[in-house]
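As structure tokens, the structure follows; a few thoughts come after it.
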Amino acid sequence: MSPLHLCLLLSSGLFCIGLAAALTRGNAILVLLGIELMLNAANLNFIAFWRFGGGPAATGVVFVLFSIAVAAAEAAVGLALVIAVYRHRKNIRLQEVNSLRG
Amino acid sequence: MSLTPEIGGAHVRAVHDEFHGDLLEVSMGPHHPSTHGVFRMIVTLDGETIVKLKPVFGYLHRNHEKLGENTTYLASMPYTDRLDYLNSMSNNWAYALAVEKLAGLAVPERAEYVRVILAELTRLLNHTCLAGFLMQDCGCSGTPLMYAFREREKILDLFESLSGSRMMCNYQRFGGCRVDPPAEWLAGAQRLVDGYSAFLDEFEALLTGNEILMARTQGVGRLDPALAVSAGVAGPMLRATGVGHDLRKVDGYGVYPRFEFRVPVGAHGDTYDRYMIRILEMRESIRILQQALAGLPGGPVMDPKAKLRGFRPKAGEAYGRIEGPKGEIGFYLISDGGPNPYRYRVRPPSFINLTILEDMCLGHTVADAVIILGSVDIVLGEVDR
Amino acid sequence: MLGTGLIKGLAVTAKNLVGSYHDPARYTTVEYPEVKPPLPEAYRNFPFLVSESADDPMGTLRCVACQICEKECPPQCIYIEKSKDKKPDAAGKLQIYPTVFAIDTSVCMSCQICVEVCPFDSIKMDQVYEVATPGRYGDLLLNREQLAKSNAYYHQIRPTEAAEVDGRLAAERKAAEEKAKAAAAAKAALPPKPAAPSPAAKLPDESRRSPQGEGGAAKPPAEGAQP
Amino acid sequence: MLFPFLIIACLTLASAAVAMMLRNLIHSALLLVLSWAGIAAFYLWAGAEFIAFAQILVYVGAISMVVLFAVLLTRPSRDVDLPLPAPTVLRIASGLMAAAMVASVLLTAVLATRITGGRSHAPNLTVKDLGALLAGPHAASLLVVGVILTVALLGAIIIAAPAPAERPEDQP
Amino acid sequence: MSAALPLSAASGANALLERLPVVLRDGLLGYLPESLRWIVSGLITIAALLAVFGLLFAYLTLAERKLLGRIQNRPGPNRTGWFGLLQPFADAVKALTKEDIVPREADAVLHYLAPVVLVALSLMGFAVLPFGRLLVPVELDSAVLYFFAAGAATELAVFMAGWASRNKYSLLAAMRALAQLISYELPLLLSFVPVIMLAGTLSTTEIVTAQGGWTLGFLPHWHVLTPWGFAGFVIFMIAALAESNRSPFDLPEAESELIAGHLTEYSGFKYALFFMAEYFGMCALSGMAVTLFLGGWQAPCAFLEFIPSYAWFGAKLLALLFGFIWIRATLPRLRMDQLTRLAWKFLVPLALINLGTAAFWFLTAGWSGPLQLVRWAVAVALVVVPFLLLGRRLTAGVAPRTYRYAT
């Protein structure tokens, strides 16, 4: 098994953990964290392919940089939403925040 | 699967409130670095903003008034030292004034001057200390406090060489003063008074223009003059709100009418005003001291008619009050002709000034509450009595 | 401008930092156990009983157990028991003396009222301040023997006040003697009777020895009520 | 060469898995920080130094703070904290099932793929090269990311800010 | 390991002193087999760092107490040893022998981990600081980024400590610590972006080399001596004060408000660890400031170059540390909202404008003669005018007052 295989296994593992958390946990913050984890798994793949793949370009690294920046933006907006919802409903359980009625 | 985040635990009790979200109840004190003694504030916080503040005191209750009713008039004198232990000389004077009114004793002119000198030195001492404590509450790592204590030490040395004790002076007597200040003592006092302006200038250079201090104190803990008057607030706190009430002018007790001095008043009633009023009062005190030291007449310091042993004032009542450094300190006495007062009651300025603490603190943060309390200038010995 | 106040403050602290190295007015610390600041004469801490002689403190106590200080003491920390017998005082007059004179220094607040009310100048304020003891109760309860200190000691700690007191006492004594002489002269003029004043009254204070005094000192002092 | 990778992989996976299972949100967040740090360690191992430090700066330094802040600000009160409604079990089961299916697909795909022509040494990529790349061929994307970040920042402030009438001076 | 820079202006004796640490290390390594050298070399570097900064920490605590004492007109600790020189060791013994108390309700694991993590993270920054011409523990291409990544994580440990204690004061302190970090990370990073623009690198060694040389032999080319560099330096130091939780930004451990903040429930050695981490952080940030703005190990004048470079670094570091202590002795503490306002409404805009100033400075690098004066005037104006305007806005409504007197 080549190192790239191992890296891909690691990233798929992380992705699935993130997915499971996003699907099962009721707390909005944890769901958000699961999504962050999935993003990270994707970034990991970029780096792995840059490092072990054959391509000459460093596009993977640049893409990861952008991805990290976007993840930061996503986290900021997502958590702001969580706080807004909490302020409104005193609760951040997603099952109960399923309507836009407020 | 419950997803409750386990935040807080037993020590952190979240109080749910429909309108304010989660409130946190913090008990500041009785052992807290900035409650100036054993004083407790039960603060309810929304974030760091105070929505409720309940002062709890009485940890230092010593039965002061009942003690006064069960000992002779003279024996209460050393206890008044221990009310506001920074200002024993003023407390002594207020009590002596009450007893003198009760017994109809006259005070020799020299003693009146000596009393003014000591009371104004006490005011310097108290305000200097307060400025130091207040800056310490603002987080000044001790430097202003140490400077204040350096100067306070000089005044205490004067008190010690005159009365024998640094803080528990027990100096005033009914009908005069216990000891006649010798010439070298007066020279020492003159030296101190001459040098005090320089100290105040340096202290103000250190802090008064400091942007952080101004940002911390201006607009914080605003007190409305109407509320202050109706709550009976007195002293620099009242004057900071803009009410120019000073018993030295209003009552003109002692020989104060002979001196020329001004009464500084604030316009905002906030913490900065309370701090500045005290600094300005110190400058006025220096003026009074210069005049009193220059005009000190000769003569005895004790009314020859006054007697120590077997002192029994005739039946009646009297209220003696002076402008103490913290506000109006008064003693109310009822005599039934016996050796003990029938009723002995203190009007403690810091206790009455403290009653409006919550009104000043609401809407401010914990950090503000600490300096608001500091600017009230309390001594727990007087609050709890 | 923002920052001027801060810089001014920094200048003040810098001035103090430098000043503390050369300016004694700024650097005021006294390193206590090694350096002891001189006490002002007025300094007071805990009372003591004045005795005329250092050799026989119990015999020459000025105290006559009149109990005024006991009554006037604000925290009620003085406990006195009167003697049943009398012995001559410094002036030779027969006086009651305290068999027990105890002060609970854990209660005493050094207010000096006992000194002020004493008509006999027999209790004065001491200047001790290193008074720590290992015991909480018994060691702080000072009895007559521990309280008695000589007039010489009084002169040592408060020279001016002691001289004034001595002068006053001497004057009183002289006045008493004159009075006695006058009375004696008056009596001599009247029918003759043995003179009342003892010859000891004319002896100087310090040389005075009294057998009763020795006996009084030998008596064990009663310990006051313990909490 | 592979030994550090295995340690990093185990650490990352374990902390991520435990983080997602814990009930205590703070513990979850802190463990997730550990997992993010593990990913940064992976980047270091792979030779992407700059990305590793950026990962730590952004995730450990910034996002974790925001997460912790959000957790502390959204403490549910005890008295309104009712037990979860019944359908949750179903939800969890279906969620896990979906995750397992994705996992199996991914695993099969990864294991079935044959990788050829990989390089054995990390390509030498200095910060200068990266800068040149960002400023040259990817300049447009960089601008877009900048705009996204700004918009997101403003949006987050607007969303999270309380109604102005309520508390005007409230600032985190 | 070390930068192999040519010692151009160095004389023979200078070269010996300059090389002494490296020579010592290499001499020691010479006795070891080839396979072990790299690891022992690393260990020697770590040991040397720990020894130097451990001692610096010990005597910094003493110096702080002594200086605070002198500023406050008292002697400071002077009983243990000659002039109190053994005081740090007495303190260490005391900290080690004190009972370690963990509250019953506390989160024991996090409570234990917090000080350890904090010290570990605060030590990491030292790895990339160029202490001397030849003394750079680790040469990293992105050293500055590494440094601030390590620094950003420390506040996490403070949060852990505050939260794990299960104490209300600690919790409030944890919230404050988070808010403070978020607020001050931005100005801290923005303040030195011009430095990186100029040097075109994130490597600390190259940043120092970029500041080499003198005009007329005595005017060093340090960044702090340019208008944008000075502004950046001041912003950096203010943010560094906040980052290391030092007065006047010591809100998380505000003694008069929150007892001891996140340290309330710590005692004994764990408390000492927090203390240690605070000083390490202070040293590391000061070292970074020296590197970025004060010319690193460069001598201020050409003729002073005979003094070894690490001595210059040390001297500059100590000067900055003295500044930290001096400020602590003087200023009162800010309030939380003022602290965030200062960061967001003052420091961040100032740092952004400073970027423009730096850009102007670089673009006009070719101007000479009278144009040079114009260049200086414009750059100074670009620094001072925003400072005045923003400062006025920041202190709006806050001013010294005059008082009237009642009759």
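Order of writing sets the chain letters: A, B, C, D and E. Residues in each chain are counted from 1.
The working rule: a residue touches a chain if its C-beta (ideal position, glycine included) is under 8 Å from a C-beta of that chain, and two chains touch if they have at least 3 such contacts.
None of the values given here were measured: they were computed from a predicted structure.
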item: Chain labels contacting chain B and also chain C; value: E
item: Shortest chain-hopping distance from chain A out to chain D; value: 1
item: Chain-chain pair with the highest tally of contacting C-beta pairs; value: A-D
item: Chain centre separation (chain B, chain E; CA means) in Å; value: 43
item: Between chain E and chain A, distance of the C-alpha-averaged centres to the nearest whole Å; value: 34
item: Interchain centroid distance [CA atoms averaged], chain D/chain E, Å; value: 29
item: Centre-to-centre distance between chain E and chain C (centres being mean Cα positions), rounded to whole Å; value: 62
item: Multi-partner residues of chain D (at least 2 other chains); value: 25-26, 50, 54, 62, 66, 69, 71-72, 76-77, 80, 84, 88, 92
item: Residues of chain A touching at least two other chains; value: 25-27, 30, 87, 90, 93
item: Numbers and ranges of chain B residues touching at least 2 other chains; value: 1, 3, 5, 7-8, 16, 143, 147, 150, 206-214
item: Residues of chain D touching chain A in the complex; value: 1-2, 5-6, 9, 12-13, 16-17, 19-20, 25, 28-29, 32, 35-36, 39, 42-43, 46-48, 50-51, 54-55, 58-59, 62-63, 66-67, 69-71, 73-74, 76-77, 80, 84-85, 87-88, 91-92, 94-96, 98-100, 102-103, 106-107, 110-111, 113, 115-119, 122-123, 125, 129-130, 133-134, 138, 141-142, 145, 148-149, 151-153, 155-157, 159-160, 162
item: Chain C contact footprint on chain E (complex, rising order); value: 67, 70-75, 78, 326-327, 329-331, 387-388, 391-392, 394-395
item: Of all residues in chain E, those that touch chain D in their complex; value: 110, 140-142, 145-146, 148-150, 152-153, 155-156, 159-160, 163, 171, 174-175, 178-179, 181-182, 185, 200-203, 337, 340-341
item: List of chain D residues in touch with chain E within their complex; value: 26-27, 30, 33, 49-50, 53-54, 56-57, 60-62, 64-66, 68-69, 72, 126-128, 169, 171-172
item: Complex interface listing, chain E residues touching chain B; value: 68, 71-74, 105, 163, 166-169, 171-172, 175, 247-248, 250-251, 254-259, 328-338, 395, 397-401, 403-407
